[in-house]
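Structures for review follow.
Shared chain: chain A. Partners: chain B in the first complex, chain C in the second.
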Partner chain A sequence: MKIGIPKALYYYYYFEKWRYFFDEFNIELVSFDTDREIIAKGNYYASSEMCLSLKIFLGHIAKLVDKCDYILIPKVDNYGLKDQMCANFSCLYDLVNNLFDVKILTYEIDYIHNLNELKGFIKLGKQLNLKIKDIKKAYHKACIKFNKKMKEKIMINTNKLDSCNKKILIVSHAYNIHDNYIGKIIKDNLTKFNCEIIYSDLFNNTSDLSFYLSNELYWKYSKQNIGAIVLCKEKIDGIIFLTTFPCGLDSLVNELVIRKIDKPYLNLVIDDLDAEAGIETRIESFVDILEQA
Partner chain B sequence: MANYYIPAKYLFSNILNVDIMIAPFITSKTIELGSKYSPDFVCTPFKYTLGSMIEALDNGANILLQFGGGCRYGYYSELQEKILKDLGYKFELYNLINAGKADVKRIYKTIKKIDKKFNVFKGLYYLFIAINMVKYMDKIDDYIRQNIGFEVKKGSFDKLLKEMLEKFETVKNPFSLYVLYKKYFKKFKQIKINKPNNYLKVGVIGELYTLMEPFSNYYLEKELASFNIEIKRFTNVDYLLFNNKKVHKKALKNSKKYMKYKMGADASSNVYWTKYLCEHKYDGIIHIKSSFCTPEIGVMPIIDKIASDYDIPIIYFSFDANTSEIGIKTRLEAFYDMIEMRKKR
Partner chain C sequence: MNCYLGVDIGSMSTKGVIIDENNKIIALSYIWTEGNPVEAVKKLINILKNQLDKKYIVKGVGTTGSARKLIGLLLNANVVKNEIMAHAIGTLSIYPDAKTILEIGGQDSKIILLNNGIITDYAMNTLCAAGTGSFLSSQAKRLNINIEDFGPLALKSNNPVKIAARCTVFAESDLIHKAQVGYKKEDIVAGLCRSIVLNYLNNVGKGKKINSPIIFQGGVSKNIGVLKYFKEILGTDVIVDSNSHLMGALGIAILSKKNSSDKVYDLNIENIEFKTKAIECKGCSNNCEILRIYKDNRLIDNWGNRCDKYIKNC
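Moving on, here comes the complex of A and B:
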């Protein structure tokens, strides 16, 4: 049996956990890297005003449809009142269900209504006719492995703060910066100019720190990103805000943060019209400014 | 928003010992001001509210109230406060909503801050009257929407509505309000209308602000009425404040085929309403929203699918700060011609 996992949105937060979980049952996972073909497919299915990240997600689904038995799309609504998700995340399942003819595995996480992750995984396993006892065991094992892996990633990211190169914090949702298409251009360019890249999503407990910049913020991942700015304000040289057009959360949050920080920053908004040269020029001039400062 | 400033003004002027100022009616200057200071791709209600806040501050207000929730509406206030403070205004802005959900404690604390002599029982009493007022207004609005396209003497509905709202402002207790409502409902029913047998029915759904603020949708409902069409609109303050949860539950139960989970803001209600309009044989559906409204963008493909399953025509309008009015009129006219031709066949 093959389970397709679109390499967009949820992938960057949960994939490792899913992989360890399904490894226990010897189930194969399929996913592809984002490329131009996928974006073109996504554009075909998406309506014109959807954000680029969502278009990419739909493109992945279109590619996966005939290459696997199931596609996994959970619905994560919130992790508590102050840790909500973007409104796009809650319509993914129904969107795919209506647009494509495919079997979907799904579960819901909604801490306000007492649906936690374990309950979600049990629901997920039941759809595959697994035993509850095995599911629980596999879930706990996956969690341990996942936490270990995350710790390593966070260690690497935190250690970069002590590097002697120019240090640039990238404030962006994980599904943008780690994406093979959107994020790669920026990463490549920054390494070309000898910059150390620090990711805002790979830190420990930064959500609470976001309070210093915005006390009413209630989106989980925006809070993480903004908290990272507070955490390493002293150690970094510049900030790059990476946004896909037209991201609803970033349009407000980034504007507020930009008005409050006193570091050099670059606000990059990416649309699917890719002009790599344009991005390269902007990053180059930004690095030049940092060097002269 | 539309005529709803009347119950709001009534409520606050009776329970608080402060001067209430009604923000000036929204004009094209408001939206110009708002979009000048707004971020690039924020949704249009942000621009409208920011614009009218600036106008209110220019007129001398020093306390602003903001509430809303469900999507990024709940986060407006913090950024708006920062933008206005950066512009050099001195004021206090209170957000009555906590993380997109209503918070009774926070509302009470805010009110106490504004007026120390605030009396809870008096507050609840007037709140009760204001709620009833909203409910009655919504009921009368519903009736007007159904019939305004067929009035014999142009403007008779508007005239009577204005008269009623003036009377509403002066009521003292719930009972006299009820009597007034009954009296005017009778009067509305007496207005002569000329409804043909084979009239067109159109449902209007979409994002709440654009639906309820007539300026932001370029008086779309008036335009529709001039074509002699009966209009059905579900979104009103009564729904937003009191019936929200009930409708969402109903929506999930009724449209299982198209929807499994509850979606952001009014998205899932819109799916349900689309299905309702299709099942009740309406001649067309108009979906309006402000540009970049995230929850609505997410459900548009689903709504599209329902409409094509039932074979009902649907048209989408996306309003931004500088949408041209003529363009919208042309599209609306074409849509009207199309549904009229379908009806004749």
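Moving on, here comes the complex of A and C:
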């Protein structure tokens, strides 16, 4: 049996946990790197109001449809009243269900209504006829391995703050900066100019720090991102805000933060058009200015 | 005597200057790119060469603008830099106390904030060309007006029409509508100039503190209609240098001076055959468009690929 995991949105938060969980049952996972073909497919299925990241997600589904038995799409709504997800995340299941003829595995996470992650995984396992005892065991094992892996990643990211190169904090949702297509252009360009890239999503408990920039926000990942600014603003040289057009959360959060920080910043908005030359010019001039300062 | 060449190859026009050791411009030229940067640069170099005194030898070449990479290869430039730096350095060499640079070019527009001669902040238009020179020139063509006459015509108007400033697509349909209901040409042209300014201040200039002295440059700064509305809306004086369109070229020439070595550059490039060939790589589903650059039928560089497959071939 093969389970398809679209390498977009959820993937960048849960994939490792899923992998460790399904490893316990020897279930194979399939996913593909984002490429131009996937973006084109996503554009075909998406409506024009959707953000590029969501278009990419739909492109991945289109690519996976005939290559696996199930596609895993959870419905994550919130981790509590002040830790909500973007509304797009909770609608993905219904969206795909309506657009594609494919078997979907799903589970809900909704802490407000007392649906935690373990309950979700039990529901997930039951759809595959796994025993509850085995599911619980596999889930706990997966959590331990996942936490260890995250710790390593966070450590690498934190250590970069002591680098002697120019340090640039990328404030972006994980699914944008770690994406193989849209994020890679940015990473490649920054590496070319000898910059150290620090990721806003790879820190421990930065959500609470977001309070210093705004106490009104209730989006889990936006809070994490801007908390990272508070955490490392003394150690970094500049900030790049990376947004996919038209992201509702970022259009509010980034505008709000930009008014309150006193660091050089670059606001990069990526659309599905291929404008690598434009991105290169913007990053190159940004790095020039950091070097001049 | 030593001199240094700076070339700024934009989407609409190609600018070149030659400066001496004291940053004084000793030769200058400004021509249309017409979609062919290589030919434009060959023409430009020819004009500059004829202006240049025989006693000078070229010790540095710099390129900037959207075709900087390609022309950098053609001229063997010692400096290839983006427009922001070039513009800031060019302007600072003439106005050392400048605080704000407004720049509107063919497809880019930018704002650069300076303090004590150091860039403190800048912004560039997002990846869409709304409110830039290419929009003005396509509208000029639609109205059957020479782009050079655009500004003087706008000044004649007492009643500029209101044109949506958000987006060029909206602006264009607004414009057609206004023309169809019988507005005078000069009112429409003035409305366009005003919408360019509003668009610029609402997008590029959003949230930036625009302090005097303000320098306005780039190709569009030659349009006195746009200048008038900048002054009117900002409520303060805006300086346009007589060489405002050459600032990028001047800046990059100064940068190449700073980076120069003993190398002497030859400006005889008319007979160099320079070709670019675009191929679509079929290696993976990214289908990258790869540009291969040939100098005298010898492959010298290629770019556009997302992996390093083509790096090995030259």
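FYI, the second predicted complex is superposed on the first by the 293 of 293 C-alpha atoms of A that agree within 3 Å, B and C clash if a C-alpha of one lies under 4 Å from a C-alpha of the other, contacts with A are read in each partner's own complex, and residues count from 1 in each chain.
Going forward, a residue touches a chain if its C-beta (ideal position, glycine included) is under 8 Å from a C-beta of that chain, and two chains touch if they have at least 3 such contacts.
Because the structure is predicted, anything quoted here is derived from the model rather than measured.
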| item | value |
| --- | --- |
| Touched partner set for A:E108, first chain B, second chain C, both or neither | first |
| Partner chain in contact with A:S214 - chain B first, chain C second, else both or neither | first |
| Touching partner for A:K119 - first (chain B), second (chain C), both, neither | neither |
| More chain A residues in contact [chain B versus chain C] | B |
| Touched partner set for A:E37, first chain B, second chain C, both or neither | second |
| Which superposed partner A:R259 touches (first chain B, second chain C, both, neither) | both |
| Partner chain(s) touched by A:A277 [first = chain B, second = chain C, both, neither] | second |
| First, second, both or neither for A:D94, with chain B first and chain C second | first |
| First (chain B), second (chain C), both or neither touched by A:K145 | neither |
| Chain B versus chain C as contact partner of A:K233, first or second or both or neither | neither |
| Touching both chain B and chain C, residues of chain A | 259, 269 |
| Touching residues (chain side chain C, partner chain A) in the complex | 66, 81-85, 108, 118-124, 126-127, 207, 284-287, 304, 306 |
| Contact footprint of chain B on chain A as seen in their complex | 45, 47, 49-51, 54, 75, 77, 81-82, 84, 86-88, 90-91, 93-95, 97-99, 106, 108, 214-218, 245-249, 251-256, 259-260, 269 |
| List of chain A residues in touch with chain C within their complex | 35-38, 181, 184, 258-259, 264, 267, 269, 271, 273, 275-279, 281-282, 284-285, 288-289, 292-293 |
| Chain A-facing residues of chain B, complex | 39-43, 46, 70-72, 74-79, 82-83, 86, 95, 98-101, 258-265, 267, 291-292, 294-295, 297-302, 305, 318 |
